[in-house]
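You will see two complexes here that share chain A, one where it goes with chain B and one where it goes with chain C.
After this line comes the complex of A and B, so read on.
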């Protein structure tokens, strides 16, 4: 632990810390551009000059390039150092345009801060400035190259950290240009990070362009609702409109960056069709009246038909508080019909994971530090994009990645891929865990023998699973394998990608009760008459949507609490509008069991953009904000329970009733979250398996998720709309040859639920013999449920 | 001696008053008669135009940030040519204290104070002015300045076409 003196103040820092960071620990900010904690130091911008007065290093040095050592005496206020910094910033500013009033970086411009900090106040250069032509970099990133100060941060982020290859640096001397070879959309699913790292306004957000100056933006720490990883985000809103999201910093989860789905998926909050009005029997009412009506009718139903005639459906996108209160509501009603996920497979997988994970849980930071990562049926870019970025960092640190998956899993790093049939994954995992190689054919045996060898020599191996493909059996086998492969000295980690931001929370709250399919049977048979849906859409999320719609049509009472234009919200007898994640405080438990809190950014209300129809806000004034009825999901449930609707008290009651959730009392947004150690309950093993659809063809179709288009909240976000794919199926080239199909062909896909038109994609990484298709909302592929294996037919469409 | 001072103090004001009886009165019979304040008087706020007649305001929000009473609000938008402009601009004269900080903050000379002080109204809503109420024809106090001719990011001229710029470079050139 080196101890050094900076500006006459003593500080002791960890080994390997650079002097710039050591100064920051003393709240001394040294101007800098190229240094970034996640990217490291390159000493290129020459701005962080400090005078090393005494000790092992002497003279004027770049603080980011010098590791702190014992006995160093450093001055940031030395006249020589200050003079150099002033000159460097003056050179940097020579070609910078004079357009701060129309620059979207204004308000968080590091260049402006560093110019002031560097002591450059008045422009002396009167010559001409060099200019560039800009490129169109697609729907997310806006480029204004004239502002560039050539710090190289964007290229280091895009190419080195995120593994993109279509953005780089060109030119020489003062013509250095950052961009693509030609105009075109940035291909990396992490492209938005270059907006965050750019110290000035060269790279700004296109959807956020000219919306708000940053000093007017309301921001608060939040947790991303778009997958189960629970990355830290900072959404920003103004005029009752959530307008952008930037990456938050959580060293245990996302680090410093987030994926584009999280960054540009905020717009579901402002969706024009979002229901904001409470309704009872189709009539708009005040929210208090609707809550009272719901409370009375649920009680009436329980009295009339018995408590078990009322069912409760929680959700992986509702807060932990709301899900816990839903459980209380069920027990107050006396009902045991309580499910936390409408998708049968995901529900069982989440419950199994919570029951089995234990000390094998690993965070994204553990992934970044891992030296061997084995992916079993997990497609990070689709199911949890930031995991792919964490895996890339492991590879950059010398780790290896092995992918065992029927799908062509794309990663931003090199990986060894073995395509295997999805139904074999649980069996293979069990065999792999036991080191039993008899289950494999000759080629696989060689592969797995070498994998086991690698695993035994690895120090921090992690097995990653995808809940959709593995199912409950696979997740169980994954946890068993990790336990069996662990030795006293080395524990094998597990990370499983679940469906939603609070899937783990749902799994923790669920008992060993039956899943939603069994509940649907009860509805169908007339044993359940009422359903309370918490931010869930059973009409579309159940394993068999057609069957769900038929059964749910028989309900006498449907209460829906939702913040999105879901089918359940539209069909509900009583609808209670909920707040979106950015509009409320609450907490989620991510896929490793980390309990994380988030805070509200804005209050709900119709955006001024809408009330003014693009022009100025209306010239009448009302006491109430239009569209401000939505309340936090836990508020609504506390009201249904006739409890105090104060978050602190709600959390206190939940923590008192269930010691597993005692962490709710202490969580804040300032920490990296709280890893829960409690285990859940395994789902019943004897439950009826989901119905297998009637055979309609000879091909096997695997339904999976796409990076964009399969996630409900992201699908409702307009900035992401341009990146949603058209319905497609993916095949192995040999398989396509046998079927007489080539890439780009239009074909007709027939399953038990009907026909749809798809485009053929080919991938040599695919398992031969399998047809792969993503579930895509609001397309013909909407009814497919991720993780299901169906029989299908595929016929080439002849052009009419 | 006090007596003499008191007598003088009593009579002198009468003398002054008497003197003013024969001078021209300074009282103006407002509203029948009106004064013209000096040109830099800070009263009604207007949005001026560039010398070429286009809107000056780029909706940079610096005026609203500088405003100590928060009477200015607006929304920026982008034109087809990339120009930033105010989709709407609202100034609440019922709140305005005519401090002139907005005009000092304005980087484009768009928002300016004028000597027109007759703003009063019985209806508060009529004091809430929208963009069309604030826009005037003309440049106001600065007849030369056009922000985008100096900003250095194109829009009014071709990129690199302003007086203090070189034309766009070819980044693919490897010439020294």
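After this line comes the complex of A and C, so read on.
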């Protein structure tokens, strides 16, 4: 631990820390552009000059390039250092336009700050500035090259850190240009990060363009709701409109970056069809009235037909507090009909993971530090994009990646891929864990023998699973394998991608309660008459939507609490509008069991751009903000329980009732979250599997998820709409040959639930003989449930 | 001259790329081969380089645009690079430039109407001892005077005519 003196202050820092960071530890900010904690130091911008007065290094040096050493005496205020910085910033500013008033970066521009900090005030250069033609980089990133100061951060982020392949730096000297070879949308699913890292207004957010200055924007630390990884985000809102999301910093989860789904998925909050009005029997009412009606009718139902005639369905997108209160509501009612996920496989996989994960839990940071990552049935870019980025960092640090998956799992790094049938994954995992190679054929045996060898020589191996493909049996086998392959000296880690931001919380609360299909049976058989839905849409999320709709049609009472235009919200007898995640405080538990808090950014209300329809909003006088009725999900449930609806008290009561959730008392947004150590309960093993659909063909179809289009909240976000795929199926080229299909063909896909027109895609990486298709909301593929295997037919469409 | 590069050369580059650890080493060689065969490097030439070497188009374009002796736009039969760096400037590069522009009837960045010459400014050609200097093709000419330039242009024109 070197101890050094900076500006007459002593500081001790960790081995390997550079002097710029050491100064930052003393709150001394040295101007810099090219240095970024996640990208490292390259010493290119020449701005962080400091004078090394005494010690092992002497003279004027770039602080980012010098590792702190014992006995260093460094000055940031030395006249020579300050003079150099002043000149460097003046050169940097030579070509920079004076367009700050119309620049979107204005107010949060590192160049503005560094220019002031560097001591450059008056422009002496009177010559012509170089100018560029801009490129159209697609729906997310706006380019304005004239503002560029050639710091290289965007290329280092896009190409080096994120593994993008279509962005670079061209030309030389004054002609240096950052962009694509030709106009076109940036292809990386992490492209938005160059908006965050650009120190000035060259790369700004296109959807956020000309909307708001930072000082008018309300921001708060939040947790991304678009997958189970729980990345830190900072949403920003103004005029009752969530307008953007930037990456938050959490060194245990996302680090400094986020994926484009998280960055541009915010718009579900402002969705024009979002229900904002409480309703009872189709009539708009005040929210208190609706809460009272719900409370009374649920109690009545329990009195009349017995407590178990009321069922409760929580959700992976509701806060932990709300889900815990839903459990309290069920127990207060006396009902045991409680489940937290309508998708059978996801529900059981989450519960199994919570029961089995224990000390094998690993974070995204652990992934970045791992030297061997084995993915079993996990497709990070679709199921948790930032995991793919974490895996890339492991590879950049010398780690290896092995993918065992029927799908063509794309990663932004090199990986070895073995395509295997999805139904074999649990068996393979068990055999792999026991080192029993008899379960494999000759080719696989060689593969797995070598894999086991690699695993034994790895120091920080992690096995990654995906809940959709593995199911409960696979997740169980994954955890068992990790336990069996662990030795006293080194534990094998596990990370499993779940469906939603709070799937882990649902799995923790679910206990050994019934699955949703069992509840549907009870509804069908007339034993359950009422259903309380917390931010879930069983009409569309259940394993068999047609069956769910038939069963749910028999309900006498449907109560829905939701922040999205779901079918449940539309059909509810009593509807209670909830706040979106950016509008409330709460917490989620991510897929590694990390409990993380988030804070509200804005209060709910109809965005002014909607009420004003492009003009000034109406000049009528209202006492209430239009559309401001939604309340936090936990607030609504506390009201239903007739408890205090103060968050601190809600958390206190939950923590007192269940010591597993005691962490709720201490979480803040200042920390990296709290890893829970408690375990859940395995789901009942006797439960029947979902109905197998009637055979309609000879091909086997595996339902997957797409990076965009399969996730409900992201699907509701307009900036992402352009990136949603049209319905497609993916085939192995040999398989397509045999079927007489080529890439781009239109074909008719027939399953038990009907027909759908699809486009043919090919991938040589996937398992030959399987048909892959993603579940896609609001398309003919909406009813497909991710992870299911179905019989199907595929016929080439002939043009009429 | 519609093809970018004869197939046997493409095959030879493919074989060389496969035999080395870093095919990026061959980017400039391949771009120059295309340029000497086709006259300049169009977008398809960048793509052909990427495909032949098995690398990303962006990696090729980064180099193709970095070097000013790789032409990414159509040029005349001969490209004249006139040095404008310090030694040449101090020994009369401006006068040399003016003479070239007058005798060719074009400014920097332009090509003569007959397609013979393109005139470009250049940073140091490494011929400071022979300043003022210019380069045509792979030949560097130093200690330039207007008379010498006239002779050189005549000689180059004759060479172009002979090649046709």
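Here are a few things to note about the model shown:
Note that in this section the second predicted complex is superposed on the first by the 800 of 800 C-alpha atoms of A that agree within 3 Å, B and C clash if a C-alpha of one lies under 4 Å from a C-alpha of the other, contacts with A are read in each partner's own complex, and residues count from 1 in each chain.
Methods note: a residue touches a chain if its C-beta (ideal position, glycine included) is under 8 Å from a C-beta of that chain, and two chains touch if they have at least 3 such contacts.
Nothing here was measured: the structure is a model prediction, and the numbers come from that model.
Of the two partner chains, both chain B and chain C are touched by A:170. Which of chain B and chain C touches more residues of chain A: that partner is B. In the overlay built on the shared chain, the residue A:180 is in contact with chain C alone; chain B does not reach it.
By the touch criterion defined above, A:622 lies against neither chain B nor chain C after alignment on the C-alpha atoms of chain A. Shared-chain residue A:614: touches chain B; no touch with chain C.
Contact with chain B, but none with chain C, is seen for A:209 once the two complexes are overlaid on the shared chain.
Across the two superposed structures, the residue set of chain A contacted by chain B and also by chain C is 170-173, 175, 177. Interface residues of chain A facing chain B in the complex, by the touch rule stated above, are 97-102, 106, 127-134, 144, 146-147, 170-177, 179, 209-211, 213, 215-216, 239, 608-609, 612, 614-617, 619.
Residues 58-62, 64-65, 75-78, 84, 87-90, 107-108, 125, 128, 130-131, 147, 150-153, 159-160, 164-174, 176 of chain B are the ones touching chain A in the complex. If you check the complex, the residues on chain A that touch chain C are 165-173, 175, 177, 180-182. Interface residues of chain C facing chain A in the complex, by the touch rule stated above, are 43, 46, 56-59, 61-62, 65-68, 123.
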